[in-house]
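Down below are the structures I want you to see.
Next, two complexes with chain A in common: one pairs it with chain B, the other with chain C.
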Partner chain A sequence: MSAISASEKVDGFTRKSMRKAQKQRKSQGSSQYRTHSVPVELSPLPQLKDAPSTEQQELFTQKLQQCCMLFDFLDSVTDLKSKEIKRATLNELVDYVSTNRGVLVESAYPEITNMISTNIFRILPPSENPDFDPEEDEPTLEAAWPHMQLVYEFLLRFLENPDFQPSIAKRHIDQKFVLQLLELFDSEDPRERDFLKTILHRIYGKFLGLRAFIRKQINNIFLRFIYETEHFNGVAELLEILGSIINGFALPLKVEHKQFLMKVLIPLHTAKGLALFHAQLAYCVVQFLEKDPTLTEPVIRGLLKFWPKTCSQKEVMFLGEIEEILDVIEPTQFKKIQEPLFKQISKCVTNPHFQVAERALYFWNNEYILSLIEENIDKILPIMFGSLYRISKEHWNPTIVALVYNVLKTLMEMNCTLFDELTSSYKADRQREKKKEQEREELWKNLEELKLSNKPLVQNNSHGLPSVQNNNNNNNSNNSENQDRSPAAVTANDQDPDVTVAASESTPCAK
Partner chain B sequence: MAGADGDDSLYPIAVLIDELRNEDVQLRLNSIKKLSTIALALGVERTRTELLPFLTDTIYDEDEVLLALAEQLGNFTMLVGGPEYVHCLLPPLESLATVEETVVRDKAVESLRKISQEHSPVDLEVHFEPLVKRLASGDWFTSRTSACGLFSVCYPRVSSTVKAEIRQHFRTLCSDDTPMVRRAAASKLGEFAKVLELEYVKSDIISLFTALASDEQDSVRLLAVEACVSIATLLPQEDLETLVMPTLRQAAEDKSWRVRYMVADKFSELQKAVGPEITKNDLVPAFQNLLKDCEAEVRAAAANKVKEFCENLPEDNREQIIMTHILPCVKELVSDTNQHVKSALASVIMGLSTILGKDNTIEHLLPLFLAQLKDECPEVRLNIISNLDCVNEVIGIRQLSQSLLPAIVELAEDAKWRVRLAIIEYMPLLAGQLGVEFFDEKLNTLCMAWLIDHVYAIREAATCNLMKLVEKFGAEWAQNTIVPKVLGMANDPNYLHRMTTLFCINALSKACGQEITTKQMLPVVLKMSNDQVANVRFNVAKSLQKIGPILDSNALQTEVKPVLEKLASDTDMDVKYFAQEAISGKLFCLFLSQSIKTF
Partner chain C sequence: KQNLVYLHIDMDAFKLMKELRVNYDQEVHYLPKVTGLVFIESTVRISAKCRDAKVEDLWSLTSFFGYSTQTFVLAVNLLDRFLAMMRIQPKHLSCVSLSCLHMAAKVTEEECNLTPTDELIRIGQCRFTVSDLARMEKIVTEKLNFKSKAVTALTFLHLYHEIALSKETLSLEKLEAQLKACLCRIAFSKAKPSVLALALLRQEIEALQWEDMLEVAYYIQAHLKIANVELMLWSERVAQCLSDYASPECSKPNHRRLQWIVSRRTAQNLHSYRSVPELPTIPEGCWDESESEDSCEDMMSSGEESLSSSLGSDAEGSFFPPHLRRQKQRQYLFA
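Showing the complex of A and B:
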């Protein structure tokens, strides 16, 4: 036991240092599970262009088979000659399918797909960095890339060849093929994901029979990402493909598509790594709303439900997305969601994180949003007023205060009378809120007493409930007064193990 | 329920429901968490007829609120009127079991499982089982995943026709279209197998197990490995070979490392479940392969199991199997390229010595220990050092001390404070095993050096370490070796070091006893009350409060009290605060010390 705890203790930082070390040596991984196939040395075949046309097909097949040999790229010194032969052959094959007509005869299809499958389909290796942060860390690159890149290139040229016939290819490029292709989107290597993105897009375009299947599998990948693993490297790429797929949806939208929006795309906003794919996600959402404006209300309500509570960075992204949505919103839809939406916005402008407040206040620079607000000023002003008024006096950041003044001025110009009314009733409103707060406390206190007097009755089933401390819950303001007295802040410096303050020699006032 | 029903007028349901509807999520959450209080106020009747319908209807809320609700409802049986009415709780829990958010759903399932036990067999068939069926045939995957967790709780208590239906539903979910559902089913396969009659385990479960173990998704296959443990335990030995082993062998060589990892991770359980014969013939080679796997993750998981696996080998030829099959692999792992593998091994390798005995340990294991003690990765060294007690029992620690010392010294001076922290925590253990002489000679200086480390956490741990050492070696040793050095630091120009003196005194006073505390430590503390740094002064106040109980009442009255009173009128408000706290706390100490004397 003690061993485990010891390693856990060092863990947190070892990873970090490991990460640094990795960066220096430029990490590479590969994942072909080599069971017993020791590579046989390859011998070069004659060039395709030199062969008589009658033998070209046969030679093409031979070359495809030759390229099924896999090599260990983690070991950079073995099989150098064979690796070079395979590389040259792959280059030649790429060239051959992209420049020649009439090379894709029916018998070539199984050989081609076999060569591709053998080379690219593999179980991805475990991430070298267990808590790989795609925003910060260098990705582990695929070691076998010199070959794999050419195979991907070949697959792409194969799909784009004018002679390519989906009706023949669909026997080989089937559901299983697509499923394996989709799994590869989890690759840490961005070059690989980029190829995959283009290839999957081509396949989606050419194989009508696979479209529903592809959408469903992407669905599953996203759902697993959201609710199970929270880890998948290719979310952004898949969303990019979806962006153009959604663009092509016919109207009216199918139930399946709406469900995808509400049950997959909206919950995707909860992901920890939202920053990595938010642009693509927001694009998809806006695409949907442009197709069908009646989806605006459920979408905005969905976003409000998943509004970030603690992550300011994500909150800024949400605000950005809301603005994108507002840019295309229809005035009738706007009326439906203005109240819940502006309640959230009014919370955002009071956010102590100035970037959040600033992002929300920027809405007032948007002409179209301004016109929507003006149209509905009698609804929106009462929601916004309290927060704006308070923050104009309280926010620590002068830029925010300046912005708030401008916003207040704009709002005042929109409806002067209402503004004056709100100003004069501001104090009374606060009083009323305070009173309500007290009533609530009173109510719970009474309930608590009731509970106490009944305690023996519920002893059995009330265990496991958090013990209720009524005064803790509601009155944050009272508590803070006491806390001011606590000198904890004085020693805080020294309790942080990372702080190296030893140098501060006997300064008379170490605080 | 006498107290409950008279108060209706006081708590109209509207007010309570208003609370549950409050705009502020935090307030809603608070209200939901106190749902039992609301139910109590309403009484069982109104809880059933008004509160529960309200809750069922309004389940569209923040997941956090739903989570709290799902949890509460699991404890609600008494509040709705006891087991007789427990089925009233099913509708809201059913809706909660279909929401998207996994934690909410899991909690709802947990609560459903809990209250299923409170249903009578009749209610189970009339109310509970139909709910399971509805969930199992829901449109969206969420309800079907939830259903997977409910089969096993109702199966044992229903009639055989209903049992057949349940089995059928489970079968359907095992081949569901959505991988999420198959995963849920696979993860409950073992649990479900346990409640089935043996004949159905053989006829139904095995085929499902085989199918899930060859699923197209590795995330499903690996869950089947988990189920393998329970299934193998249920079957008679003679059936294992035909029903389970083909699948297990296949899993151990799966092309996905995740599945192989799972096999490695569950290896001890699998080993126990299949018994000694199969272990010898099948699992030993499989284990060797896992130790040599091409993915480091798998090797590390297997390395973690080395000790347990060896321990559980059949005793008659355990030593021979280890020596010829396992040890060669272990030797290779000592110089593995991956540090996680090495450190996993280092955390268990010492355990082999008790299994292999003195001679084998000296001849075969000792070189490996020594190699790992010199490993470049601190975690590996640390894991070896932290498990020294195993070797100590078999060959004594002296054999190692030559290599041990440089390793300890190096870790003690490691650039990373967490490494230093870890080694400090093993100091008392090491000191115990190496003896006081060795300690004084080689390690004492290290322990003192940590006191002036530039990281607070290290200084703190060093303080605590001193206390444990004193507990081990006694007050006299403390007086001769530690106390003078600690007290010497009171004059250090760095205020942080002066504070360390105080912290040490806080920690050591009890172990050192009244005499040393009063005669040697107290004067130093009192003197420091004149320190020019306020932080030192208020720590003096804190220290006095701490060591107060050890001092006699005379010293408290004549020496401590005046100083505290002086500090209580300090110019610095924090110093004042702590001095006052010490004074008010000290009265208690005084009382305590006197009362001890009188008894």
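Showing the complex of A and C:
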């Protein structure tokens, strides 16, 4: 790794582009390897299309069995010919299953599932980069992809074949199969996850008997992810599948589904890597609310409970999700959550991070949200008013200030009288605060002056005897107060009659 | 009825009355030309609606920058006088109104509180430049022989309020807000400021039902020799305006006029959720199909659900038709 010069660093950190350039080679990993000393060769079989129809079944089976041979792709020199034969065979099999009818006889099912299992089910290799950051780093790709891709393709075509019979297949595509499939979702290779997503989606669709099991396993994966490992690469893909499932829920919603929403989906928002799957997660949440609007209140309260406190990027995502929810909310539900929600929005609007403030202010550009605010302006305006007014004066970002103007103007047009009332009471509050501050300054000034004028009379209290501190002045230095202060309470300390305690002030000097 | 016995006539009141008289004599110099105003009301070019909308914008800006009501009232006065005198193109109206605001602010506000013109233009979402504004200010000043201390309805309102203080305390803030509401309609610029202010005062007194305060109003009217007919006319109009202003009905804001500019990063993320999912929906089977035949029991089902499985639990239907709920377009601009 060559050294990076200072000029290529920004604020002491290396530019992202430099780091990427260093990683020229795409990292690959695989858990498929063999340690045979004797290379195994595949003998090419005749083409399926050339075979007479009576022999096709047998040939099909042979080819399937042939493809159960695994090759090591990390080694780029050995078995090249055999690898090519397998690849061509797999290709052929894909075509065969896609284009022909009457191919899936009962005896073919176990052979097919066996070939697939052999090729794809494996323990995933450990991550090459233990600090893998999905957003920054390139993922480690599966080295055996040239073959694996075709196997996945084959599985998909198999499932989608018009002759496919779940009743036969379920003997082989069972819970064990599905469990292994789910474990593969942790693959770092996005292409693999994409295939898995589609495949699992089809399986869920066709195998009614497996649906509850699949849901339960996904639950487990998510719960483990949230509360134990915080690591799983396939959350987004699983959520996408769930989206299509939620979309198809029958009404009234089953309790199981509602609990899934509250116990799994909402806590999923707390994950550190939320950015990777937030779009899919938000979609799921919104789908739930479209199915059952009475879930709105618990959902929004849940989101407010988990509102990000230190991560601005997440806050922006949350705001986006809130807007999507508001897009579909029913007015009666809105009334239930408007106050806690706008209290949070009011905080977001004053956030010094400009993206958070912007996103929150932009809600006022949404006509449906405006209509909801209008209906409830008497509750919402008082919540928003103070912060909007404050940041119109104080925020550093000019774009934000301009947006605040828009928002204030919009609110003003909605209800003039209320706005004017709030303006005058806000101004009155500010006046009072200013006055209080002035009085406080005066008081400190007076104290300062007292201290200065009494300086020559102060005794040096270095005996080590404790001088009694004034109750009110916690941050006082160890100077003793002037004896002339009236009416001073004298301490009971006989040894040091010079030390007096100043009388407690009539007004507290607390900050 | 002039029951002077009930009013304290001490030195302060005397001075106030004198001041009132002086202003009354002066106000005629600051009236916009009635013919000009009538023309605006009847014309399509710079219509009354345009002017009213601009004045509302001025109020928003006043409020936003923390300028006083005095600034606002003065700005409106300048604007009306100028518009009544000069026929301008609609595209210049923003520039004129903003010049008036800036001029008024320079007179009334402290220098440290003055908003710089570039910020005024930016927040006001105007398309002209700082030098355009400066030039327009010069033009307006020339045309109006601008003298800084104009006599406006606010002047009178303050005086009336002080006079009334001898009896009761009225809320000056409320009166100012009401005056502002009236000024947003061009019709009220035709009224003499002294009359308008008095009409407002009467309104408030009548609303509060302080019978004895009415004497103060009568006294002022007599002192300034304001005709009853005139006062009644404007009182009626003021009443109408204020009832609109105080109505709890919200006016739908004219949304399209505002530009919503966000930074590029925010704009990029605005539409990230609009993607249509690729996977087709998988309908859930109804109860008859046993979904759990091969699998273990649902881990969380509590068996509470009824067996009737009619699709659609909400018989009442959705409140808002879908086309109103979904936002097809969001207008935004890159910063």
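Rule of thumb we're sticking to: the second predicted complex is superposed on the first by the 397 of 511 C-alpha atoms of A that agree within 3 Å, B and C clash if a C-alpha of one lies under 4 Å from a C-alpha of the other, contacts with A are read in each partner's own complex, and residues count from 1 in each chain.
Following the convention adopted for this analysis, a residue touches a chain if its C-beta (ideal position, glycine included) is under 8 Å from a C-beta of that chain, and two chains touch if they have at least 3 such contacts.
The model shown is predicted, which means the values in this text are computed figures rather than measured ones.
**Student:** For A:N376, using the defined touch cut-off, is the partner it touches chain B, chain C, both, or neither? Pick first, second, both or neither.
**Tutor:** In the superposition, A:N376 contacts neither chain B nor chain C.
**Student:** Counting only touches as set out at the top, which of chain B and chain C does A:T61 meet: first, second, both, neither?
**Tutor:** Touch status of A:T61: no partner.
**Student:** In the superposed arrangement, does A:T118 touch chain B (first), chain C (second), both or neither?
**Tutor:** Neither partner.
**Student:** Between chain B and chain C, whom does A:N247 touch in the aligned arrangement: first, second, both, or neither?
**Tutor:** A:N247 contacts chain C only, not chain B.
**Student:** For the complex, which residues does chain C have touching chain A?
**Tutor:** Against chain A, the touching part of chain C is residues 56, 60, 63-64, 66, 122-123, 125, 173, 177, 180-181, 245-246, 248, 250-255, 258-263, 265-266, 269-270, 272-273, 275, 277-286, 289-302, 304-305, 309-314, 318-320, 324-327, 330-332, 335.
**Student:** Mind pulling up the chain B residues that touch chain A in the complex?
**Tutor:** Contact set of chain B toward chain A: 1, 3-4, 7, 10-11, 15, 19, 23, 26-27, 30, 33-34, 36-38, 40-41, 62, 71-72, 75-79, 100-102, 140-141, 178-180, 183, 216, 218-219, 253, 255-258, 261, 294-297, 339, 343, 346-348, 378-379, 382-383, 386-387, 416-419, 421-422, 425-426, 452, 454-458, 493-496, 499, 532-535, 538, 573-574, 577-578.
**Student:** What residues of chain A sit close enough to touch chain C in their complex?
**Tutor:** Per the touch definition, chain A meets chain C at residues 170, 174-175, 197-198, 201, 204-205, 208-213, 215-216, 219, 240-241, 243-245, 247-256, 259-260, 279, 282-283, 292-293, 316, 320, 324, 327-328, 330-332, 354-355, 358-359, 362, 364-368, 370, 374-375, 377, 392-393, 398-399, 401-403, 405-406, 408-410, 412-417, 420, 423-424.
**Student:** Considering only the defined contacts, which chain A positions touch chain B in the complex?
**Tutor:** Checking each residue of chain A against chain B gives 2-4, 6-7, 9-14, 17-18, 31, 33-35, 123, 125-126, 176, 179, 220, 223-224, 227-228, 263, 267, 305, 343, 440, 443-444, 446-448, 450-451, 453-454, 457-458, 460-466, 468, 473-474, 485, 487, 490-491, 494-511.
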